[in-house]
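The two complexes that follow have subunit A in common; it is paired with subunit B in the first and with subunit C in the second.
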Partner chain A sequence: MAGVTWRRLTLGVAAVYFLVPLAIAVWFTVYNESLGFSLGAYGRIVSAPGFGESLLKSLLLGAAVIVLVLLLALPALLAVRLGAPGLRPVLETITTLPLIVPPITYVVGIANALRGGTDALAATPFWQTLISIQDEDFPVVLVLAYVMLALPFAYRSLDTGLRAVDVRTLVEAARNLGASWPYVLFRVILPNLRSAVAGASFLSLALVMGEYTIAALMGYRTFPVWIVTVSGSDGQLSVALSVLSLGLIWLLLLTLSGAGRKSK
Partner chain B sequence: MTVELRELRRSFGGTVALDGLSLTIEQGELIAFLGPSGCGKTTALRCVAGFERPDTGAVFIDGADVTRVPANRRDAGMVFQSYSLFPNLNVRDNVAFGLRVRRRPTSERHSRAAELLELVGLGGFGERYPHQLSGGQQQRVALARALALQPKVLLLDEPLSALDAKVRVNLREEIRRLQLELGITTIFVTHDQEEALSVADRVAVLKSGRLEQVAPPAEVYDRPATPFVAEFVGTMNHLPGRVSGETVEVFGHFLPLDGAAPGEEVDVLVRPEAVRVSPSEEGRGFILASSFRGSIARLRVQLDSGGEVLADVPGHEAVRLAPGLKVDVTLVERPVLTAPRTAVAAPVEPVA
Partner chain C sequence: MAGLTGSRRRGGGAGWLAAAPLLVVTLIAFGIPTVVLGVGAFSVKGGGFGFDNLSATMQEPYIGALWSSVKLSAVVAILGAVLGAFLAQAVLTSRSGLLREAVLTASGVLANFGGVPLAFIWIATLGNSGVVTAALGLGSGVLYNFWGLALVYLYFSIPLMVLVIAPALDGLKPQWREAALNNGASTWQFWRHVGIPVLGPALLGGGVLLFGGAFAAYATAAAMVGASVPLVTLQIADALTGNVLIGYENIALALSVDMIVIALLVMAVYLPLQKRSSRWLA
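And now, the complex of A and B:
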């Protein structure tokens, strides 16, 4: 009985801690002393300039980051597991690095590299590439930076998933039955790693939807940057936006974990 | 379809797994690779499957050199030691996996899977998932899956070692029945000598990556080519003997020699079933222990001269030949193998 009470108490405290600020935020968006109860703030979101554009941009960036981080981490993890188990600590260290280096350092590094690169490559065809990856509508350079940041989370999620299956035997069984390497990866390994892949994807997406520093300092108007910009002019609107984006991310999380669980 | 291993060498770091292994497996034959762990039997099998590439040497399947052919183009069906069914697919899709890789139509996949499941005695299990099956059933499905593409060679990598004793015996007999029915060339890797002797056409005994002997089971048991084979397959007594000419003297008997003796003072290798025990007050030893095994009883006889002898006697004599009884020990007259004299004469029981 004591255990149950204790559990309820802990849950209650946690709920208060998380839900009270949320409730207050929601209350703030719908109640105004002069106007009373109104959903106007939410209405203003949709009509606010740049909303759809920046949200779409961030979602696209998120999708690109997910694809890239999976394509990078999964084959690497498999290769190390199957071919060179001795290299595992190395991989682990490399994927931890992005957590150690602060984002501001990345920004400085990337900005310097781009500036120096543009000068050095001015006379070559690569100059055009360098310019196009900084395209305002779909900044590939941000995708690359976010892949770096997402790597530690994706790696750990996938590693845990791989631990739960006998990868070597499954791979060899599939190879023995005529499967090519891509077939093994997409039709044998991935389906058995659904929840791990879903976890890695969600973490990557959450990271992209919440990252401000790099995008802002490099001058891109992603969704988080847009929220901050808008909040300066309309307090109620900015909180309504935060509530909305929280709801949106929750929805995505539920979808992804639903897809992960639907393995049977 | 024959399989030929030619001078296979493979080492992992400093460990030599295969040390010049050469062997030809005939069409329709079931050959067992038998040996202690680390003898190279699994490495040899994996070279045939394409999961290992030999450092030197070559593998031929049906006359074609496949040494550098990747595993997915080898046309060899394999059953693994650990459960290897795809957890996300049901039994039918597991069996039809190879056909799916080859983009065969759904109707063909389903009918072939049903046919094979019937063959391994699991008709009607198609909709189940691997986690709903017992270990024995999973290995049956794995067998059906390996056979679905009608491979030239069937490779079995200790497929029964994770199963209960009873299931193991049933399944090995079923594997043999299927193999004979389909006439498929098969390599069966095992460390269990009883398994090897009971199902194989020929047994290849390996030690340290080399072939010690390859022969039909009865010959491996009765006429082991080397002392290692003699000791690894079955149980062997080491009795002190003295060579004189073409015979060797043990317990006052002169037995004909099988092959050359390694010296004058030797160990004579004698199976427990070739040892006769009879009650006698003037005997040369007494019964130390007796373990009843149904049709036979294995006696451990302490010799007055030191050392012990194992003897198998008919089960019904177990009551008469009780521990403590003074007995005489004699040997059945037949050619015997000899080995260099070891320090203490003691029987060697194999680890099964």
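And now, the complex of A and C:
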């Protein structure tokens, strides 16, 4: 009996703590004492200057990060299982580093490296490379930084997925039947890893769609940075944007976990 | 035999080749900024190396901000770990599969929800003109202090803890509990001698993750409290964006090194524990 009471109490308190701010936020965006009920705040999001542009930029960055994370992590993870177990501690270390170096310190390092690099390489052809990776429309520096931040989570998700698959047997069978390495990777391994890949992609995309510190301090107008700049003094708009970004994470999670489940 | 070792050796070489892109990208994207950070932190004005910058960060106002960041992160880690574990246990032991599914999905969403949007939602709730503030007549400034910040950080920390601890709680076999109770143990004794020791590493590991998350958080604090709660991340951003006197860039570098050292010390607790926990919960 005591068990039931404390469970109800815990769930009740949790429900109040987690749901009340959400309910208030939604209420706040649709109700106004002078205007009454209106969805105007959500309409203002779409018409706000820079909405489509920054959203598109963040989605592009997200896609690039997902592709790069998978292309870098999967071959390394397969190699660990196919005959280079010595790689494992190296990979574990690499994927732990970003947890030790907080984004704000990472961006300090990047900014200083870029400033120093542009000064030092001013007379060489590399200078042009350094400038072009900082391009405002598609900042490659940001992609690389996000890849590093996403790796710990993506790596663990993929590693867990691979644990359930007999990689060695699959690869040997496919290779014996004459499959090429790309064929093995894309047609044999990946279909068996659908939910792990979906999980890794979700975590990477959620990170890109929410990361503010690095983008803001380097002066890039990604979606999270745009949310802050456009909110300004319009309280209703800023809360509507917050509800929207929470909805976006939720939608991503649903889509990708749905995609992962379909394979079974 | 010779053929086997030969192929294994070849596999090893090919393996390192397969991992080469990852290693190279890490070296460039992570190695260069970190080395620049370290070198800059230990450079002194006029050339050469020394501890000038680091010792400057050991004085006010920087040491106060560091201490307040550590305190906030520790409070969030401890409260988040305990409350998250209770919530997870309450959800997992209830017989409703729907509740379980709903809470785990919501945890996945909220654990990834942070930054400025999180601050906005809480400002609408408990800010100076927030709905709850007005309804309860709480007056101004409820949210814009140390405990307000902790309350907001728990909003993503507790869900993260639920996600981390749920598999461990699932691994706590009902048979262990039945065996303990059949042998005359009380519920308290079961938790004291079986439950907590098995869950301990997962609890501590989760706590370390929460500490890291709160320690690194910047955007939420910047949007909520501005400068009224001194935090090391806010100090670094100020130094980086030139909100302070010129010549303080190296302070940002040195503060970054301080942060990394603290994070390293905390992580050093986590890694060995993770190994121990996986032995029991395999």
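As a convention for this text, the second predicted complex is superposed on the first by the 245 of 264 C-alpha atoms of A that agree within 3 Å, B and C clash if a C-alpha of one lies under 4 Å from a C-alpha of the other, contacts with A are read in each partner's own complex, and residues count from 1 in each chain.
The rule we apply is simple: a contact is a pair of C-beta atoms (placed from the backbone, for glycine too) under 8 Å apart; a residue touches a chain by one contact, two chains touch by 3 or more.
These numbers come from a predicted model, not from an experiment.
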Open item on the list: Just checking: does A:D166 make contact with subunit B only, subunit C only, both, or neither of them? Give me first, second, both or neither.
Closed with: first
TODO: Check the residue A:T213 against both partner chains and state whether it touches subunit B (first), subunit C (second), both, or neither.
DONE: second
- [ ] Please work out whether A:I131 is in contact with subunit B alone, subunit C alone, both, or neither, and reply first, second, both or neither.
- [x] neither
Open item on the list: Quick check on the superposed pair: does A:L39 touch subunit B, subunit C, both, or neither? Answer first, second, both or neither.
Closed with: neither
TODO: Please tell me which partner, subunit B or subunit C, touches more residues of subunit A.
DONE: C
Open item on the list: Once chain A of both complexes is superposed, is A:A174 in touch with subunit B (first), subunit C (second), both, or neither?
Closed with: first
Open item on the list: Once chain A of both complexes is superposed, is A:V188 in touch with subunit B (first), subunit C (second), both, or neither?
Closed with: first
Open item on the list: Residue numbers of subunit A touching subunit B in their complex, please.
Closed with: 165-166, 169-170, 172-180, 183, 188, 191-192, 194, 263-264
Open item on the list: For a test of understanding, state which residues of subunit A touch subunit C in their complex under the given definition.
Closed with: 3, 6-7, 10-11, 14, 17-18, 20-22, 24-25, 27-28, 68, 71-73, 75-76, 78-80, 82-84, 86-87, 90-91, 94, 96-113, 116, 144-145, 147-148, 203, 206-207, 210-213, 216-217, 224, 227-228, 231, 235, 238-239, 241-243, 245-246, 249-250, 253-254, 257
Open item on the list: Which residues of subunit B touch subunit A once you look at their complex with the stated criterion?
Closed with: 49-51, 70-74, 76-78, 80, 82-88, 97-98, 101-102, 129, 142, 145-146, 148-149
Task: List of subunit C residues in touch with subunit A within their complex - done: 7-8, 11-12, 14-16, 18-19, 21-23, 25-26, 28-30, 32-34, 36-37, 40, 86-87, 90-91, 93-94, 99, 105-106, 108-110, 112-118, 120-122, 124-126, 130-132, 155, 158, 212, 215-216, 218-219, 223, 233, 236-237, 240-241, 249, 252-253, 255-257, 259-260, 263-264, 267, 271
